[in-house]
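Heads up, the next two complexes both have chain A, just with different partners, chain B and then chain C.
Showing the complex of A and B:
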């Protein structure tokens, strides 16, 4: 009896404490309505306090780049906060330089809105829009890469620069209860305004790529935002040198096709690095492009061709192969898209070949 | 075994959907504390440390990163391929660490065995003695791992 009384007392006290905490939280975390002043009162939003700056802006159709969906793992959602919103968090520190911190740059996913704040957002981010689309085609490219065509709803059209990327939102699936947002480069050409094509490589255990590879089907609906990014073609080059690996082919395909469509009469070399023949894709597409446009050259290189590949093309690292075709970087621009390791290796080699650092554009993914 | 609130939070971070699609615990029904204790005992019984294992993994990973997207041969025995993906992944132990989404595939020709680990695995083994739960995608039993890495006979 005594034990029962003790248990009931402890349970009762715990329940009362829990209720008190819930009530206290409701009052303490209730920041009411807060105002976000953008670009010196150019725009003013009224939002419910307590949410992140990133999500509050997104709910008002202002989309800041974010490839991790607000988990402070991509470092893309930087914006300038002009008000005091507290110290930089440990989660932000790895992504901010001392100059950026001094300048008020913050990761918008980590800034919680608790009062009226003032922010500065670059004009080009206001061009980022939300699109609703239907998956009209899914094509297997390799054992771990697929290409998706997403057709926008009637009346929706996109304007983007070849090389830019979109963000796609996955839906809950299996044991996954939350949505995830990830960034993928556009592989289609800007003149195709009623759809975008994305090339997506499976990340083992990846939240969004698992959804895209294993769960999404033709006919499914998706929500995407974009276009994002400053990796796009610049005009003033004598010759274009493209280097990519894996799904890094996407923006290069878009840029090369855009150059051809616009009738820009410049030489283009596209070096595509892969481990074996099973990692190559769109080969026929690029071979046909070579026949139609003699100034475009496609050079796939296999680092570890298997005997059964019967490969007669270039072998070795893509950086070594490139040196056999390009003598100097003078007057040329290089566009790189691939793994951080590949990009770093390419930059090192290109700089040694007199490519100017400001003429090397890259999209590390 | 009872777990403190921090261990509970960590175990939540390890569930499917928190940081990865498959999570870190596989189909293991043991508590995180029990998983850590069992693997720690296995490593101690080999006369090596978690840091020894992580350092050996890092050795291969760094070697592989020297030649991106390419299989490299080491000591005539090991084939190493490092495979990078966009972005970072945070450590589920809530220690503010985040690692590149980079994976290493190691094939030991002598033993005809292949293992696969992520940069995050190296961190979790080094700092937390965590090899993931049974049935998890990136789990390798510490004794098997030490054998394939050439740390024990």
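Showing the complex of A and C:
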């Protein structure tokens, strides 16, 4: 009897409190319908107040880049908020520079919509969509790099600028119970609108790369969003200098092919850094490209070629090799994609060769 | 000591100073030590704790008097108090966001943390053990909250200074903090001649 009374009372008290919380949430967290005004009334959304700006925009198919899913740990979901939504929260502070705070940049996952709000979203982000795709081809590039072709479902088409990236969501596998969202650059050309190709290098212990390498097979379905990123080709350059390492080849391949397809008559040098011959891939593809377009030069450089490689090409650091081909940087644009260490080293060398800092575009990963 | 004779005001001041929750009863030590690096945040947490203490004391007083005692569930008071504290913190957070958005922005991230602050549970339990009436409980809750705020703000202010000064390697961090807390506890005890409730 006593036991029953205890159980009933505790359950009763908990239930009453839960109901109270639900009622409180219904009344207190109900901010009615709020309007989101995007880019000076260019687009107007009506949403139910009380949830975050990020999730309200996502439910209206406007995808702000976000890797952590709204937990204020990745700092990617920055957007400019024009109306007053209160001061910057302590959770946002670590991700914003003083200039950004002054400009009204906020983490959209931390801004709660309580009234009508005005925001400014870069035009590119409207282009970001969710795609449902089937893996139609997986090709081994090197011992740890694979290239994937993802065909979109009928009716879905993508518009992107060469150099941009997509985000893939991995599903739980094996002992991994969580989903992970990771970004990979597109290696195919923008004119190929019904599919994207991605080059993915296996990261030891990486959640998403392990998923892609070990668990995704041809014919599998994937969910991807994009295109994201401000690493894309700009016009007005006399000559293009590309430098990449590892899977950093992906956006460069896309940019170079895009230039050729559009018939832009400019010289291009592509320096690809690798350790040994086993790390080179797509060599034949670029050699053929060289033959067809004399203005395109592909220069792979091995930093530590093994004797059995029988390597006759360039050796040493990719930065040193580049200096042998490029005399000065004035009027030229450089596009870099690779590890932060490689990019920082390249920028240093490029600046010393009179490349303007604003003409050096890079994508660190 | 028969509690109802003690003036509520004595309880109020005593719980700020001589019977300080953290410095004499050692309750709420975890956040006291971990969130006392910066004065600004420490003071924010202190204010949030004070607010929650006042609210939960009122709610728990009512729950205890009108539900727990009539049902003869005194042995369950720990469980009941914890559930009530957790729920009221949730509702307080929602209400604050709605009606006092500025305060919510300042205290927002601390509120969920307070659910597990043992000083809050301590207040409700002491209130029952000492058989306080409503006014006494209310001022006890308010006083203890202010006392906790005073203690953590002071500690944070002192730690801001010690963080910048040279201290022996082995003492850096928690070691020195414990020594400071000990000295602070003694300083607060120095007032014990004025009024005492324990």
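Quick note on the criterion: the second predicted complex is superposed on the first by the 261 of 365 C-alpha atoms of A that agree within 3 Å, B and C clash if a C-alpha of one lies under 4 Å from a C-alpha of the other, contacts with A are read in each partner's own complex, and residues count from 1 in each chain.
FYI, a residue touches a chain if its C-beta (ideal position, glycine included) is under 8 Å from a C-beta of that chain, and two chains touch if they have at least 3 such contacts.
Please read all numbers here as calculations on a predicted model, not as lab measurements.
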- Query: So, A:5: does it touch chain B (first), chain C (second), both, or neither?
  - Reply: second
- Query: A:90 contacts which: chain B (first), chain C (second), both, neither?
  - Reply: both
- Query: After lining up the shared chain so the two structures overlap, which partner does A:13 touch, if you call chain B first and chain C second: first, second, both or neither?
  - Reply: second
- Touching A:274 in the superposition: chain B (first), chain C (second), both, neither? first
- Now for A:205: first (chain B), second (chain C), both, or neither, which partner does it touch? first
- Query: Now for A:338: first (chain B), second (chain C), both, or neither, which partner does it touch?
  - Reply: first
- Touching A:70 in the superposition: chain B (first), chain C (second), both, neither? neither
- Which holds for A:177: it touches chain B only (first), chain C only (second), both, or neither? first
- Task: Could you figure out whether chain B or chain C reaches more residues of chain A?
- Result: B
- Message: With the touch criterion stated at the top, can you tell me which chain A residues are shared between the chain B interface and the chain C interface?
- Response: 90-91
- Task: Would you mind writing out the residues of chain B in touch with chain A in their complex?
- Result: 15-17, 19-23, 65, 67-71, 81-90, 96, 98, 100-103, 116, 137-138
- Item | chain A - residues contacting chain C, complex | 5-6, 9-10, 13-14, 17-18, 20-21, 24-25, 28-29, 86-87, 89-91, 112, 114
- Item | Interfacial residue positions of chain A with respect to chain B in the complex | 67-68, 71-75, 90-91, 94, 174-178, 183, 201, 203-207, 210-211, 245-246, 273-275, 303-304, 317-318, 338-342, 344-345, 364-365
- Where on chain C does chain A make contact in their complex? 41, 63, 67, 71, 73, 76, 79-80, 83-84, 87, 90-91, 94-95, 97-98, 101-102, 105, 108-109
